[in-house]
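In structure tokens below, several structures.
Look for subunit A in each of the two complexes below; its partner is subunit B in the first and subunit C in the second.
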Partner chain A sequence: MTDHSRDVAIVAVSQTPAYEAFAGPEPVLIMRCVNDLLARTGLERHDIDFTLAGSCDYLSGAPFAFVMNIDGVGAWPPVYESHVEMDGAWALFEAWIRLQLGDIDVALVIGSGRSSPGNNREIFALQGDPYLTAPLGLDPASLAGIQARALLDADLATEADFAAVVERSWKAAADNPNAMVRRSDSADQLLDQPYYAAPLRAHDVAPVADGAAALLMVAGDRARELCERPAWIQGIEHRIESHHPGFRDLTDSPSTRSAAEKVGGGGTFDVAELMVAHSHEEIILRRALGLGDDTVVNPSGGPLGGHPVMATGLVRVIEVASRIADGSAQRGLAHASSGACLQQNLICVLQGDD
Partner chain B sequence: MLPDVDLLLEYPYTRTTGPVLGQFLTGLRDGHLLGIRNGDEVLCPPLEYDPATAQALDSELVEVATEGTVTSWTWVADPTSTHPFDHPFAFALVLLDGTDHAMAHAVDAGSIDDMSTGMRVAVQFHEERTGSITDFHFVPLDRAHAVDIGAGAEGAEPVTDIVQLIALNYHEPLHAHRARAAQALLDGRFIGQRSPASGKVYVPGRGYDPLERVEMGEDDELTVADRGTVTSFTVITPVDYYGQKETNPYIRASILLDGSDSPLISVDIRNLEEEDIRVGLRLQAVWRPEGERDLTGIDNRSVPLEGVIERWDPTGEPDADANKLREFTQ
Partner chain C sequence: MARPCAVIGTGQTDYRKKLDLTLDGLVRWAAIEALEDAGMTFADVDAIVIGKAPDALEGVVMPELSLADGLGAVGKPIHRVHTAGSVGAATAITGATMVESGRYDRVLVVCYEKQSEGNATWALSGGKSGGQGAGGTFAPWIRSYIERSGAPEDIGWKVAVKDRQNALRNPHAHLRIKDISIEKVRDSPMLWDPLHFLESCPSSDGAAAIVLASEDVARKSPGKPAWVIAHAKRTEFGQFPGRDAVRPQAGVDCSAALYKEAGITDPRGQIDCAEIYVPFSWYEPMWLEGLLLTPINEGWHMTDNGDTEITGSFPVNASGGVLSSNPIGASGLIRCLEAANQVRERAGDYQVDGARVALGHAYGGAAQYFAMWIVSSDLQPAYR
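Now for the complex of A and B:
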């Protein structure tokens, strides 16, 4: 949506490193981010009007884990809060809508997850149709392999293109203190690796991590009081496609394109952070968004450098917002995705003050 | 040495099929593959609605061919426990002859070298069929073999629901503070964590103070008493559900140990009757003998105290003032 009544900006961001296995409770991950945000802005807990978190109980196998997570936000005396069983990027979307109502000004948005206890491939197979695909254990990595092959068969990419995405992502991740992957294999070396979900190799699949991310968003002039260079949300929207993979054109992402059109996604971007959970998705997303060479894509390394499930999408927003805050970017696009084969896509366009 | 946490999480779901998927699954059980008409198109798997316009479709299904063409595929070299085969196989999109959208399913091809886009495959029905998408898989066309599908299904009722048992396995070490608290229980004592910010003592410690938002560690730990006061209780009458082991009513109590500011919750009480328990009652833990203490089932969320504590005996002391316990009863 671009036609909105209130300007809202991201004024502070925080994220934990992406951990292969965090040896502690999920609320601690959240607590570290929340305390960091409060310290950065000088706000007290009671200054936050609305708290909204995205997480998934299945990751660590703890029913009502999302309720325990409230321990991390400082929820006593009781606070006004809500939860989405989705990536924190969708919590951001809901918080942004809530701020449009005009009666409150400050929202805390969180995304978090501890995937290390579980089997990601088995858990996310349950996202599929419960009658037709979940009983087969048809998992996102396998569906990603099917989508990648559709790209190859349509001559829209080669396996070398997939490897090039990984090589460049890992190179960028080397400069990101929060990334998990510390490798610098060349594309040629990567192509020597065995298949994992052919034609994808293990490195083409973003490595699942434990972690949390959070941000503070503030409406109106108050944002400028709290932050020297707020990242204004110019537009935010999401769109979804069929959950039957056979009913989609897997070589394209029309939901990404229509969400971007809705938020004025044209024009140039200094930076784009894309939720590339499988290397070939970057190729699809670049085409759907019409990104040119003048846009730096995934300077953080993106999810291929570390994928803290349920925070990964919100981290994309944070990476763009922090580049606007430090002046290295003026206008940026953040993308988050949910479901198999880029089924659902969210686009958030951020802009700094002139 | 305390073992890692191994948790099996199960959710049994029973889902109604609705008219369209019900016919489809009944067809599979009876050895037929059915699709649905959508204008000039035939959709298999069938949907209740036109995927583009959301218009309801005529729920009369039509038989479709059991042969088709692979439009894309991947190779599962290392199957998980929820995959349909325990040997390598392909997941593929298969466009059945005469239909207009591909179906996602498994192809048992034997080798990745036998898979290719455009290859011809056929439905292989299983001998045992229950009305499930797993009643068949695809095979390369020349490898399909005939299955006697006549008997058994005849006269059977239409499929109207499916049972889906979700079973997920989790494995992780105990968090460090949990491991220390568990070891203390095996040694016959409770330890808690004292908040460096507020001085409040949490039993068991969570590794942090949720009110003050500070992390807590070994330096914040202390032993608390193994006697305390009932702050709340409930009598649970078991209802039957998947996994239920209880048959008779039982008591679960919250107990505020002396020296603690947070009650142990959901403590299993078996040696008292409903009329013997009340808020304010003083109880003493009676530990199992040292060699018999067992923390099987402990995880990073809950501690099965009944493995280390045999029972909770009333101490005979006067009751604590229930009014002063109100903050713990909510």
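Now for the complex of A and C:
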């Protein structure tokens, strides 16, 4: 394995608001982002060498839903592109790998989803082992409740800590024009709410949204030509853990830690955007990553302020890249996750020019 | 810069209905066989790439999550590709890219489908919205090809017979029709005019796996490596006014890009054999043209002359092809794998004599997704 990575940077980012229910089709969400990226950079569609999109057919209830999404990108004349049935953050991973080959320079990365036509709690219960757990209807929120309970039982957190995560996230989301939640309840008020998947309350679960996110990633000096302050990708890696909760220490996230170590995740970060789909996950992730008080966590409000499923992980990267682009951060970490109880985790470390 | 990558191990289940195996069992069968071929165990693998057609075919959402344990992926990256019918070849290409990037030295690529656990035709017909299914989509384009090219009606029957005869040499093949004949194909029920039942692919279960490795690792591997010389992918819209669905531009562009990267100037002369995605008989001549192996409207002559038979001048689908086994999500990888096995001299009873350069091809969606690769027994193929 070699560590001589080609320099690749994020030069432009775009995201739609997180919509409770977007009335149009998914390609419209994508097209808005793509058009926005082209306008920002002055590039044309034919300047894009490679496109990689992440989405989930099941959200739309159509087995080849991703095929329609190409309408939002444009594919005539024919284009060089691919698709992952994963969050857009994994599309970023594969596109970054592809740019390492050195023959092409400009990649478009997309994550998108419209969850409003279905019921995510039912759909994602089908992520379970199809013979043993899926027939039980064991869904991610219920499993998250079990994980949160494990944290309480290990004295690693209290329910007040969960509420504090939500309070802080909503406060941050108030300043984020793309966030969906517009509430400012205090932690005490939140603790008065009934349980949803005990010990989690409804507000501890990120509100599912429709939305899309996209970015342009460019190699080498062309990145500097297109952008005043590119966000250089110092490293990107992902890891998975066992599917069976009983095989895991649910209070820890070794896959997050291992991915971060692989990409040079040590040192300090000005900002970290974590895919906290359930409030208690922030506590686990902070510990796994060793994040201290000098790192601002989820200044966007994170997924608890709005969770555009399949774009949420890529939005974390975008939020970090934006802060590097505007000079408010020099080095940042983005995290994305897939599966119940943080089964699979991706870490991307971004850095600005000195 | 991209560094060399080779296929150093391959594994396949057989492609017959498997009610006695879980999805885990299915993918492990192929993966373990590929690893043993490469002289490895799961512990040696740096990263895993998994591909399959829509999750709805088995009703398991993001199956990389529940298959992570079975594929030895715990503590490693596992990546999931989905590009419709081309997915198997696209997944192989993603795996090759991961090695070529310099990031990983040993990548396990696994693709599967278990049609016995779902209803693929329901899914391929747009689910609840209803629709015509794959055969219903392709049949009018096939009819259009016949009219354009003036091909005689028996060309499709000949492809159907040839691929099923080849399948009798392949222990993995789903369909093993010992008395296959032109008459039997012709007299089988008409499904989607002009396609008869025996001109269509079966609904198969199965998994395929390959181990991809860097040059250092490949040179030390126990078997003969198949070097990945070039790969290409192209996509176009599934429909728009003026689209040529018989000869999609994305397929033509993909072929041209592939040959350019491989340094191939005369594909018919420089490639020794091909595994082409032919789910319905007539797609053999159609893709021979789309792959720039023959002039427009003349592909059927290669079939008619016997050029595409296993002993012909350009053997196509010596394994029996998609017409004999179609675990959808794996079918593209099987094409890439069989191409590799040909140049590794590992194709057993369907080995093409002297195969040193082979083409693996897959397509998907409304004939709008294309993924292809060229493999060779030589890192520097002789044609260069």
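Methods note: the second predicted complex is superposed on the first by the 351 of 354 C-alpha atoms of A that agree within 3 Å, B and C clash if a C-alpha of one lies under 4 Å from a C-alpha of the other, contacts with A are read in each partner's own complex, and residues count from 1 in each chain.
What we mean here is this: a residue touches a chain if its C-beta (ideal position, glycine included) is under 8 Å from a C-beta of that chain, and two chains touch if they have at least 3 such contacts.
On a predicted model such as this, the values are computed, not experimentally measured, just so you know.
By the touch criterion stated above, A:S82 is placed in contact with subunit C alone, subunit B being left untouched.
Once chain A of one complex is fitted onto chain A of the other, the partner contacts of A:H244 extend to both subunit B and subunit C. Contacts of A:P130 after superposition on the shared chain: both subunit B and subunit C are touched.
Judged by the touch definition given at the top, the superposed model places A:G264 against neither subunit B nor subunit C.
Once chain A of one complex is fitted onto chain A of the other, the partner contacts of A:G102 are limited to subunit C, with no touch recorded for subunit B.
Legend: residue contacts after superposition of the two complexes on their common chain; A:P207 is shown touching neither subunit B nor subunit C.
Applying the stated contact rule after C-alpha superposition, one finds that A:A62 touches each of subunit B and subunit C. In the superposed pair of complexes, A:G220 makes contact with neither subunit B nor subunit C. Residues 58, 61-63, 70-71, 75-76, 123, 126, 130-131, 134, 242, 244, 247 of subunit A touch subunit B in one complex and subunit C in the other. For subunit A in complex with subunit C, the touching residues are 1-2, 4, 56-58, 61-64, 66-67, 70-71, 75-86, 90, 93-94, 97-98, 100-103, 123-124, 126-131, 134, 237-244, 247, 254-255, 258, 338-340, 343-344. Interface residues of subunit C facing subunit A in the complex, by the touch rule stated above, are 1-2, 22-23, 46, 53-62, 64-69, 73-84, 90, 94, 97-98, 100-105, 117, 123-124, 126-129, 232-238, 240, 248-250, 253-254, 257, 365-366, 368. Partner subunit A is touched in their complex by these residues of subunit B: 5, 7, 9, 13, 15, 17, 21, 25, 45, 47, 51, 71-77, 79-84, 91-93, 95, 101-106, 112, 117, 132-134, 162, 164, 166, 168-173, 175-176, 206-208, 210-211, 213, 215, 300-301. The touching residues of subunit A, counted against subunit B in their complex, run 21, 23-25, 27-28, 31, 34-35, 45, 58, 60-63, 68, 70-72, 74-76, 116-119, 121-123, 125-126, 130-139, 142-150, 153, 194-200, 242, 244-247, 250.
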